[in-house]
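Once you scroll down, you'll see the structures, which are given as structure tokens.
You will see two complexes here that share chain A, one where it goes with chain B and one where it goes with chain C.
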Partner chain A sequence: MLSGEQSSASGPGSTAGEYEGQAPATRTPTHFLRKVLGRPVVVKLNNGTEYRGTLVCLDGYLNIVLENSAEFLNGELKRRYGDTLLRGSNVLYVGTIPD
Partner chain B sequence: MSFTVGKGQLEEPVELLRIALDERVFVKLKGDRELVGTLHAYDQHLNLIISDAEETLQKAELDEETYEQIVRQERRKLQLVYVRGDTVFLVSPLLRHTGTFL
Partner chain C sequence: MAAHANQPSLYPLELVDAAVGTRVWIILRGAREFCGILRGFDEYVNLFLEDVDEYTYSEEGIEKQHIAQMFLNGSQICVLAAAPTLDGSQQLGCAYVPSSTT
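On to the complex of A and B.
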């Protein structure tokens, strides 16, 4: 269930070579996140809660909207949401999970 | 019929709240507090004005004899409440909920 976390270090389908020769501006975390839009992600908050769902939208504060999301605490499903807005200030990380 | 927002429809995340205005929303707050109520106003800090709200407060206590953890729920009604944005973890429009809830 937690297999998604291993893949969060590298971008979706990306390899280290993909960025070679590109301007530094295209290698920012924001650039990575833009590529993750519409994909299933796991968002962990500072309090340890995890949210899994489809990444609909996000901004520079890391405010995040997820679609068809589920809340996990200690790996246990707590609740399901349709659309949910997560406040950026609580976000620890955003990682991709395989489809 | 799907109530979910199609991807690409939102310019920025906080816009989800514009769609949720005058609807019932679920809010998760600091300190194991949850609110369900009608959203009337919001801003970029996620300060919220919510009416006809019910607040649920989870309290975990240790049983003195068995040392078992007991989770107690306290509920109270709030007619109109201003929620300070920095206490907000999550906001979710209830109409858009799918599957199980609560």
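On to the complex of A and C.
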């Protein structure tokens, strides 16, 4: 997944000219994930559980390691963890948190 | 196929490509929807969204949450449509111009 960034917006007949001077690679989901490495993020799982913490690393399966993480259920803080691995198959989204 | 021979062909991901930069409405499996500006996507239709509102529907009502930038997993996406605007002018893929007509 992480190696697939070049394939974005390059479908048959794609209007590549639109992206001139816009560096399309910076707009792909993959590039966004690279950009937020080391930053505080919110990760929501398919079951609705939210984890907030610092994004330490991730892989192509979207397995995610968080640092100083907290678990939220329905917006309520449930538990705090040090390091957490979130298995990629459960990840719904990764979002930024305003500092 | 013959009946469509005169029409410009448009692959599904071309439509998504044409929607880049516009506000889109995304309906997921389960009672969850997102509305945000589409900035990018990949072959799995994982999305990179900005200025996103997340809507979660439950028996208690609708919960709304704002997220500045997000990576959205494509595996849960059911529908991607143009977000409604007041004048109704915005259509998904309105920036798309078939190459055969230019």
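For this structure, a couple of remarks:
Criterion: the second predicted complex is superposed on the first by the 74 of 99 C-alpha atoms of A that agree within 3 Å, B and C clash if a C-alpha of one lies under 4 Å from a C-alpha of the other, contacts with A are read in each partner's own complex, and residues count from 1 in each chain.
We take it that a contact is a pair of C-beta atoms (placed from the backbone, for glycine too) under 8 Å apart; a residue touches a chain by one contact, two chains touch by 3 or more.
Model, not experiment: these values are computed from the prediction.
Of the two partner chains, chain C is the only one touched by A:94; chain B is not. In the superposition on chain A, A:33 makes contact with chain C only, while chain B stays out of contact range.
Once chain A of one complex is fitted onto chain A of the other, the partner contacts of A:86 are limited to chain B, with no touch recorded for chain C. When both complexes are overlaid on chain A, the residue A:64 reaches chain B alone and has no touch with chain C. Contacts of A:48 after superposition on the shared chain: chain C is touched, whereas chain B is not. When both complexes are aligned on chain A by C-alpha atoms, no chain A residue touches chain B in the first and chain C in the second.
Those residues of chain A that touch chain C in the shared complex are 1, 4-5, 7-9, 11-15, 18, 24, 27-33, 36, 42, 46, 48, 62, 75, 91-96, 98. Chain B meets chain A in the complex at residues 3-5, 7-17, 26, 46, 85-86, 88-93, 95-102. Those residues of chain A whose C-beta lies close enough to touch chain B in the complex are 37-38, 45, 47, 49, 51, 54, 56-59, 63-65, 67-68, 79-87, 89-90. Of all residues in chain C, only 9, 11, 13-14, 17-18, 20, 28, 30, 32, 39-44, 46-48, 52, 56, 63, 67-73, 76, 95-97, 99 touch chain A in the complex they form.
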